[in-house]
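Questions regarding the structure given below will be posed in turn.
To keep things simple, chains are lettered A, B, C, D, E and F as they appear, and every chain counts its residues starting from 1.
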Amino acid sequence: MKIAVLKERAAGETRVAATPETVKKLAALGASLAVEEGAGEAASISDAAYAEAGAEVGPVAKVVADADMVMGVQAPDVAALSGAKPGAWVAATFDPFGQRERVDAYAKAGFEALSLEFMPRITRAQSMDVLSSQSNLAGYKAVIAAADQYGRAFPMMMTAAGTVSAAKVFVMGVGVAGLQAIATAKRLGAQVSATDVRPETAEQIKSLGGKPVFAEGLEASGEGGYAAELTDEQKAAQAEMVTNHIAKQDIVITTALIPGRAAPRLVSDAQIASMKQGSVIFDLAVAQGGNVEGSVPDQLVEKHGVTIMGFSNTPAHLPADSSALFSRNLFNFLNAFWDKEANKPVLDEEIGNAIRLTRGGEVVNPRLSEAS
Amino acid sequence: MKIAVLKERAAGETRVAATPETVKKLAALGASLAVEEGAGEAASISDAAYAEAGAEVGPVAKVVADADMVMGVQAPDVAALSGAKPGAWVAATFDPFGQRERVDAYAKAGFEALSLEFMPRITRAQSMDVLSSQSNLAGYKAVIAAADQYGRAFPMMMTAAGTVSAAKVFVMGVGVAGLQAIATAKRLGAQVSATDVRPETAEQIKSLGGKPVFAEGLEASGEGGYAAELTDEQKAAQAEMVTNHIAKQDIVITTALIPGRAAPRLVSDAQIASMKQGSVIFDLAVAQGGNVEGSVPDQLVEKHGVTIMGFSNTPAHLPADSSALFSRNLFNFLNAFWDKEANKPVLDEEIGNAIRLTRGGEVVNPRLSEAS
Amino acid sequence: MDFISILSIFVLACFVGYYVVWSVTPALHTPLMAVTNAISSVIIVGGLIAAAEAGSDVAKWLGLAAVVLASVNIFGGFAVTERMLAMYKKKDK
Amino acid sequence: MDFISILSIFVLACFVGYYVVWSVTPALHTPLMAVTNAISSVIIVGGLIAAAEAGSDVAKWLGLAAVVLASVNIFGGFAVTERMLAMYKKKDK
Amino acid sequence: MLAYLIAGVFFILALRGLSSPATSRAGNRNGMIGMAIAVITTLVTHDIANIVEIGIAIFLGGIIGVTIARKIAMTAMPELVAGFHSLVGLAAVLVGWAAYLNPGAFGLLTGDGSIGAVSKIEMGLGIAIGAITFSGSVIAFAKLSGKMSGSPIMLPGRHVINLGVLGAIIVLTALFALAGPGDTMPLIVAVTVLAFVIGFLLIIPIGGADMPVVVSMLNSYSGWAAAAMGFTLGNTAMIITGALVGSSGAILSYIMCRAMNRSFISVIAGGFGADDSGGGKGEPREQRPYKQGSAADAAYMLEQAERVIIIPGYGMAVAQAQHALREMADVLEAKGVEVKYAIHPVAGRMPGHMNVLLAEASVEYDKVFELEDINSEFAQADVAFIIGANDVVNPAAKTDKSSPIYGMPVFDVDKAKQVFFIKRSMGGVGYAGVDNDVFYMDQTMMLLSDAKKMVEEIVKAMD
Amino acid sequence: MLAYLIAGVFFILALRGLSSPATSRAGNRNGMIGMAIAVITTLVTHDIANIVEIGIAIFLGGIIGVTIARKIAMTAMPELVAGFHSLVGLAAVLVGWAAYLNPGAFGLLTGDGSIGAVSKIEMGLGIAIGAITFSGSVIAFAKLSGKMSGSPIMLPGRHVINLGVLGAIIVLTALFALAGPGDTMPLIVAVTVLAFVIGFLLIIPIGGADMPVVVSMLNSYSGWAAAAMGFTLGNTAMIITGALVGSSGAILSYIMCRAMNRSFISVIAGGFGADDSGGGKGEPREQRPYKQGSAADAAYMLEQAERVIIIPGYGMAVAQAQHALREMADVLEAKGVEVKYAIHPVAGRMPGHMNVLLAEASVEYDKVFELEDINSEFAQADVAFIIGANDVVNPAAKTDKSSPIYGMPVFDVDKAKQVFFIKRSMGGVGYAGVDNDVFYMDQTMMLLSDAKKMVEEIVKAMD
């Protein structure tokens, strides 16, 4: 079985879907690997390192030719896949709701698209879950970037020249990224508070030394540990809580997402205006529509003396680690289903059906059929 | 007594020598304050805030006119001071060794230049010591900036997708900035080691959870808690230790300075070449000539896959806090010597003679006479 | 011996017993019970006297029976304690 | 009372004394000394007997002197202890 | 007899030695020496008509005792001790009767050739307490060894019956003391029989969980019986020892109750006060037996260990126990114990959750290991110390295909010699909400408490 | 006498009560009750020829005792106790002599109208120990109250002299016991005199720092004297009490030596073994007196406090004591004590040094105060707890123009009721390298140890 790893083509994408480490491990399973020239450059991995790990390194056409499977971080345009075996697998993130046309194109081209962000949140799939591994790093990066942007220091310092008080950091949305953001801000010495709509997160916030700030009676746990959308009434309650709390904050990190929908709007312009001069808001959801009014991906927006920032692709700002974890997720996925005899992975129903978008020219995923 | 606060004219300078807080306190002592329009802008302080605190806000000419004293972060060119009283005091940092011409110009213009970086390191002057307060913030900022630049996360994370190992941070030069760098890196979860030439720093490194790494037999404590220059032999010993240690490091922060001299060269190009791809070096001494071979102020230099960075003015990257501390240092200085009856500060010999550069048309500072 | 002396001895011994176990590690509760059990077989002294003296045959046989029972206890109790305590031999470091 | 009983009582009381102070808080060392001092004035019993009985005038006066000294101790010792312990009155919360 | 006093002192030293593991073996030796002194003194100071029989009796008893002690399984210790108690009780009864039948030998005869009233009271008490000890211990033995159901057996109206019998014993003993020489036999027989009965009645209603306390209490009774006989015989060794055993046994039962959080009164009063509800709070979802331990137990075993592996989980984070944990590890390391931390990839609620907290507590990175690197070391570990983890040690992930966590790699804690498991209650579950077989393993000791509090107590208990 | 036994039990309970502050007052009461029982019993059971004189004697003694107890300054307690000891010693001598002169009254006469040899030995011992107690206590009193130099006075050849005198006492006592009725007087006089002398000789060479141990040891002696007289008189109360006081005093001196890190033997042997070097290790740069405390003392006072202010400094950082400190504060807060942290602007070695460490230990920010905000609160604080800080609490910064730290604002710790000062030794200095008057204040207790270790011990001592 030949697996091709392409250089990412999306703008700003610095990650790569395989590292020398996973190349070696996949080769040990029995696969033959081909890696496009320069694929790892942005993640500080040289072509030589891939070659040394046992991959064939070459130009894209040669790499894709006759591949049984293509691995990517973001799914490549179908055009880039010409030459791959018919019905070949393409394992990558597809943003299936946002880029439906691409999914349709894959179906038309007869590839089997495996969308890694549809990996079910079950215990045994934890090690294959790219959303978790990438959100985790994104949560860390958001705080570091905000700290670098902020004109003051995070920790309290009582010095001979007077006291620098600790920055007040407010984390909105306490999923994987939010928790790591709490942990990181706390480490830096900030006073951290956080909010969510799933009540079980209160204990989790405290377990990292943060202070939960919850609107009363708000409870919107959805399926699989995800959040559900709020009713209008709930939204009003939440907005009021935020209005009261946010004016005292120096740093706000928003991470709220609802699967399959636009990110919820958590911070309004009026609320931003109530904040102190020099405060910083990092909108981790900016690529999904943004939690913060006026946030623009990859731009520093200054409003009412407050800086609003957010990256369209946060994990790409930690290319080395995010590539390492992404590629290990992919390896764990293939390894779990690898069939020695067939010398290829054979998926089971629970996970296979969950992540498979297209097969035999059709869009087969139930979540996509519902959504359309 | 009229005190003028100017908007900083130096490139990249974002700080300001007075904040509304110190304006109010100085006014309470009996001074009348004049602040140039837009002086606090870069530090998130509006003109209105100054006015509210009791300062007269206006264009530079009006502010300087008849001033008994001018306060600045970096000393302005003499040209900007026309209109001030003859013999007026100018309290600011002068970089007297680096910008000797400016000092001479001040002498010629008949101003009394008070160089704050010459504040003696005695206990009662601690609260007036701008070097300490600004180095402290610089040490913090260096780590945050390096962390933002680094393609990986600092802390160890054992996750379902595998382990991210902790970044190894090496701090060279353990003065005020170095200690804060150790503390900040440690907070972020890095494995921190540090080195210096003053042996008493070993205990201080440990007191922050870092690991001292010292070249054997190296001891070069100078006067007033500063370091002395190394002999060639000592330099060789240090270089060997660094060569052995640095290859294993992910992040290097250099802070070594020797008063009145160019910063010592601590890291050579060959040593950089031995480091891992993707490593980051932050040279805090870059403005004083740099501890690292090839470092250029305010530029990201990439050499052997390693990023070398450094700001010409690090505290200016935390404008709000650095202004607050700088201006409080200044206030503490004036307050300590304020003579109620004369309604102006009257310096004593120990501190006055130490910081006074020019008076009555002459360069009067002993350190400058020695140096020339 | 007069009653007051005996009583004094008794009372003081009660105090000693009280103090002596207050600080026992929980892990030693069972061995401690085994030892006190063995020690309480000091009743064998009564059995010995009964068995030793002439006068009543029944009393002698009762005494002998008491001696057997108490001996089981004494030997068994100390031996079993020794076994239990072997677990607590200080590890060699 | 026979010697063995007395000796038994003595030995057992030594054990009790040993145990009773092992766990004393250092802060209570001085009050403890004051109390034991007061208690050891139980020697007054001897003084009382000497003073009470007829027979020897010298003995009587010696006894009375002993009673005075021991009384100083008893009253002084307990009173001073009470004063010291007043410092340790549990604060009202 | 000075020798008896010396024997008494040796017994005191014996108990004293037993209070700490370091001196416990010397303590046991002291006990033996004391006993040898007492026996030899008795033989030497009496003219011995039947030295051969006595020799045989001692020899016989010794053989039996040593054999039992050698053969018995370590797990059967509590029942063995209960069994031994019954022997002491019976011996006391026999000695009492012997004294009654041959008062002259014990020097109990008053001027008129009868036994003095005080002596008779002491004798009656000795016999009664001995008999209670005997029958009570037999029941305790039966319950502990499983020969009888461990659950409490509640007779209707038992309070009234018990009080009646006890009253009868007291009245009969008084009558026995006052009765003339010819009338005493039926009275003492009645006392003996009733005492056997009450011992039985008192222990029958006490549940198996409280048995260790009962055994200690019976131990105390056997001491009082010996002391009573000592009064009768005017024997210092018996008085000292009896009082010693009596009071130490009582205190020990009290301490045990306190450690188990049970009311002392309700346990010792047994038949009088035992509450009718079953033991244990916070029912496990499945009523399986588990062992609960105290901080002191854990402290002791940890100190004795050579290799300890700590497995932190979400509960440590909730309790914010990381600082206390680090402190515990410090203390252990100072004692030469090797301590490692095993971090599961999904321990906690976010990736790297445990790492954040351990770094906060300044745990060195080189003591922190990931699953693959440390899982093979459990076989060499003396203690696996699980603090607030649950799912990540659940063997169901390896064995039970129907479990929601099936397929996740987990720590092989069952390979460790001893497992400590800190959680707040048997009722609580982990993220996956499933029961965990580790709770019920033989080598597992559950430490039920808030993690921070428990670890702090363990630190306190170590020194 | 049953009553004497009861008195003895009350005395035991008295000492037992004194072992913890909570029960100490009840303990003192028990002591009074026991004494009352003993005295009344004696009066009731003897025919009293001189009840009036006795009444006057008791009344007189009582007045004196109570007056002294009321008037004495709290700081003079140790010398007062020493003074009281001398009285007990003298009383023992007097009673011994009374018994010698009027043996009939004490029932000491044997058949032939003389005193038995055993009684004479007991009597001789009682008198000798009493006399040693007396003269020893007088010296201790003089040294403690400053009436005599506290420094050890070393006689040349004192070891030989002491041994000789002691030997003479023993020999003379033996002769006294064996001598015929007419020859005893000179012997007992010689014993008495020599005992006075040896008491003096034994204590003279012991330095002032060891006096508390000596007082406790003399306490023990007074107990033995009472016990010896108890043997003579066959009095249970005196025997029990004497043994109790004797052994507890000895143990107490041992405990005190251990706490002070001094060898027990070298102290009690006094004249025999006292090393000729002055006491104390790690000389302070100026030999000024200071109080040293133990973790248990600190724990106790902290628990009793309502407001505690912690002042951390560079030493806390060096010891990495922040986690332990946080733990201590947690325990105190759980007991209702208010705990605040006072951070000096230049504490540590870098700006914000303390903040980093306290944040690491998760100390809430709202408990951390800067100098200006908290300095006025020391007047209301029960305890200022200085851990590894030094320069930042040095009052020389306010008062001494020549000091290198003159002009720096410092914490007004002298306003707090009690100051604890943790550092490793009296020799160590802070960054500025100057001595600190706070060490020598009345309300300061120095806790000399590594900061982390000390705080951990304090936590252990609290419960």
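The rule is simple: a contact is a pair of C-beta atoms (placed from the backbone, for glycine too) under 8 Å apart; a residue touches a chain by one contact, two chains touch by 3 or more.
The UniProt protein names, listed by chain, are A, B, C, D = proton-translocating NAD(P)(+) transhydrogenase; E, F = NAD(P) transhydrogenase subunit beta.
Source: prediction; values computed, not measured.
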Set of chains whose contacts include both chain E and chain A: B, F
Chain copies touching (chain A, chain B) - same or different residues, decided at half shared: same
Per Cα centroids, the chain farthest from chain C: B
Counterpart interface for A-E, drawn from A-F, B-F or B-E and sharing over half of its contact pairs: B-F
Farthest chain (mean CA position) relative to chain F: A
Inter-centroid spacing, chain C versus chain A (mean Cα positions, whole Å): 73
Computed distance of Cα centres, chain F from chain D, in Å: 17
Centroid distance [mean C-alpha coordinates] between chain C and chain B, Å: 80
Inter-chain centre distance, chain C versus chain F - centres from mean C-alpha coordinates, in Å: 40
Chain A, residues touching no fewer than two other chains: 126-127, 132-133, 136, 155, 157, 159-162, 164, 187, 189, 209
Residue list for chain F, restricted to those that touch at least two other chains: 8, 12, 236, 240, 320, 345-346, 351-352, 356, 359-360, 362
Per-residue overlap in chain D, given as positions that touch at least 2 other chains: 1, 4-6, 8-9, 11-13, 15-16, 20
All pairs of touching chains, each written as two labels joined by a dash: A-B, A-E, A-F, B-E, B-F, C-D, C-E, C-F, D-E, D-F, E-F
Contact footprint of chain E on chain B as seen in their complex: 155-164, 166, 189, 191, 209
Chain E-facing residues of chain D, complex: 4-5, 7-8, 11-12, 15
Footprint of chain D on chain C - complex, ascending: 1-2, 4-6, 8-9, 12-13, 15-16, 19-20
Chain F to chain C touching residues, read off their complex: 1-2, 5, 8-9, 12, 236, 240
Partner chain C, residues of chain E touching it in the complex: 7-8, 11-12, 14-16, 18-22, 24-25, 27-28, 31-32, 34-35, 38-39, 42-43, 46-51, 53-54, 57-66, 68-70, 72, 74, 77-78, 80-81, 84-85, 87-88, 90-92, 94-95, 97-99, 101-102, 104-106, 118, 212, 215-216, 219, 222-223, 225-227, 229-231, 233-249, 251-252, 255-256, 259, 294, 296-297, 300-301, 304, 306, 336
